[in-house]
Amino acid sequence: MADALIVAALVLTAFMATAVVLTRDPARQAIVLSGYGLALAILFLLLQAPDVAMSQTAVGTVVVPLIVILAIHAIRRHHTREPDRRGRE
Amino acid sequence: MSPLGVALPAAFALLVAGVFPCFLATLRGEPVDRLSGLILAGPAATLVLLLLAAGFGRPAYLDAAFLVALLSFAGSLVFARFLGKTI
Amino acid sequence: MSHLPYLVAGWILLAGIYGLVTSRNLVHAVVCLSVAQSATYVLLLTIGYRKKATAPVFSDIKPTRNVVDPVVQAMTLTDIVVGATVTALLLALTVQVAKRRGTVDPDELRSLEP
Amino acid sequence: MSRRVRLLVFLLSGAGVAVLFTLAAVRLPDFGGTWHPYGERTLPNAIRRHTPNVISSINFDQRAFDTLGEELILMAAALAAVVILRTVRAEQEDAAGAHAYGPAEVSDALRITGYLLLPVIMVTGVYVVAHGYISPGGGFQGGVVLGSAIHLIYLAGDYPALARIRPIPMFESGEAVAAGVFVLLALAFAGQVKAMNAAVGLEVGCALVLVLAKFFEQALLVRKDA
């Protein structure tokens, strides 16, 4: 049973990794990335690594999405508030 | 089959029939629709981890499940806070 | 089954690099890089896995030799934290690029003049 | 290099990597096998010394120098992020005088859940750091949890509330002290797992708060229109 679980988790992880890469809009990608972090956490616990699963949960579900969203927010705000000097937008 | 013997098959079933559809929901549609999939994926993943802890007979693994339960919710708050403004 | 997990790690690495190469947005590129890095977590942990073994944490069981490799787990722990800080640093650079150049499309960032 | 050429180069090199990686992977020992030379050399010592969490003790004893390097990478990255984002802020402040932070439009549901969750997650973070020696968990995980818990106050309230409970100079000195303590421990007293756990937890948490603070400034600092 453990083997079947590991195979399922591996397939799920590979699927989510591909999905993260293929989601082109960064804001939507952040949501998918958060799900990918959960998939990794399940895989790590199945590989008998609870410490690593906890680390991945802590980093992958809150910190990285928050940083990504804040970066998107900063970039977007900059684009709208200060129209490009070279008239590109 | 002992009660704990059911835990691993149950975890498998929940992983395939519970977590996977939630992840599918994060892959399509507007950010709001995706977010609902993510919010649901948190508890589903928590349940999978709980069943794994039971199936492996390791109460120590419950710490990981606890952390997922708390932080997946906090993580969806992050997105909810910026919903409509940035995403 | 015996080598599938390693190939999954290779797939994740290549998928991340593919996203990096075809990216039209630096934020997207940074996230793809973090995906590529997560391949190393999967590879390390699958190499350390041992069938019918348990985690090398003896808080609730008697110490036993039948555990998965603890050294690679310790390495993965280091890897994850460094990966997160690298992501943060690269996103800080991306914000700076957006400020200075008004775009985050790598194709529009050809010259080096400010 | 045009997009088409770039994709072509990637396809060629990616195929090469895929072939070489597959060749290397099939020569690896079987998945789940019993041959783990590193683990076999470490485990008997760990069991002999009655170490509850072998992973923590490897990180802070056998690999103490690696962990020291990792902590310094963490500090350098946090420092670099702060420096990179700070110059931009100075520019902004030169350009106009008054600033405010973005408006807070939080729904009641978010506000209440955020406030309820904050203490629970804080306590969890402390628990994870403190019990890292015994149960799964440790300085890294707990530090990240602690560092991100503080930001729930932003998710629940608004930015000024976060700024009040998060005095940046305190976290800067906390980070410096933790890094210094960790260098001392790693060089002189490697193996003090409990103390090193606490130092790492403090360091990771402070670094995270500092980096996130700069991102918050970038994202939310807006010029007041006169």
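Going in written order, the chains are labelled A, B, C and D, and every chain counts its residues from 1.
The definition used in the following text is that a residue touches a chain if its C-beta (ideal position, glycine included) is under 8 Å from a C-beta of that chain, and two chains touch if they have at least 3 such contacts.
From a predicted model like this one, the values you see are computed outputs, not experimental measurements.
Number of steps on the shortest path from subunit B to subunit C, with steps defined by chain touch: 1. Interface comparison, C-D versus B-D: the higher count of C-beta contacts falls to C-D.
A straight line joining the Cα centres of subunit A and subunit C is 10 Å long.
Chain geometry summary: the mean Cα position of subunit B and that of subunit D are 22 Å apart.
Centre-to-centre separation between subunit A and subunit D, using Cα means, comes to 15 Å. Across the assembly, subunit B contributes 56, 58, 60-61, 63-64, 67, 71, 74, 78 as residues in contact with two or more other chains.
Among the residues of subunit A, those touching two or more other chains are numbered 2, 30, 48, 50-51, 54-55, 57-59, 62-63, 66-67, 71-74. In subunit C, the residues that touch at least two other chains are 1, 4-5, 18, 46, 48-49, 51, 54-55, 57, 59-60, 67-68, 73, 77, 80-81, 84, 88, 91-92, 95, 99.
If you draw each protein chain as a dot and join the dots that touch, every dot ends up joined to every other dot. Interface residues of subunit A facing subunit D in the complex, by the touch rule stated above, are 50-51, 54-55, 57-59, 62-63, 66-67, 70-71, 73-74, 77, 81.
Against subunit C, in their complex, subunit D makes its touches with residues 3, 6-7, 10, 14, 17-18, 21-22, 25-26, 28-34, 36, 38-39, 42-44, 46-47, 50-55, 58-59, 62-63, 66-67, 70, 73-74, 77-78, 80-81, 84-85, 87-88, 134-136, 138, 140, 144, 204, 207, 211, 214-215, 218. Touching subunit B in their complex are the following residues of subunit D: 106, 110, 113-114, 117, 120-121, 124, 128, 135-137, 141, 145, 148-149, 152, 154-156. Those residues of subunit A that touch subunit C in the complex are listed here as 2-3, 6-7, 10-11, 13-14, 17-18, 20-22, 24, 26, 29-30, 33, 36, 40, 43-44, 47-52, 55-56, 59, 63-64, 67-68, 71-72, 74-75, 78-79, 82, 84-86, 88-89. By the touch criterion stated above, subunit C contacts subunit B in their complex at residues 54-55, 57, 59-61.
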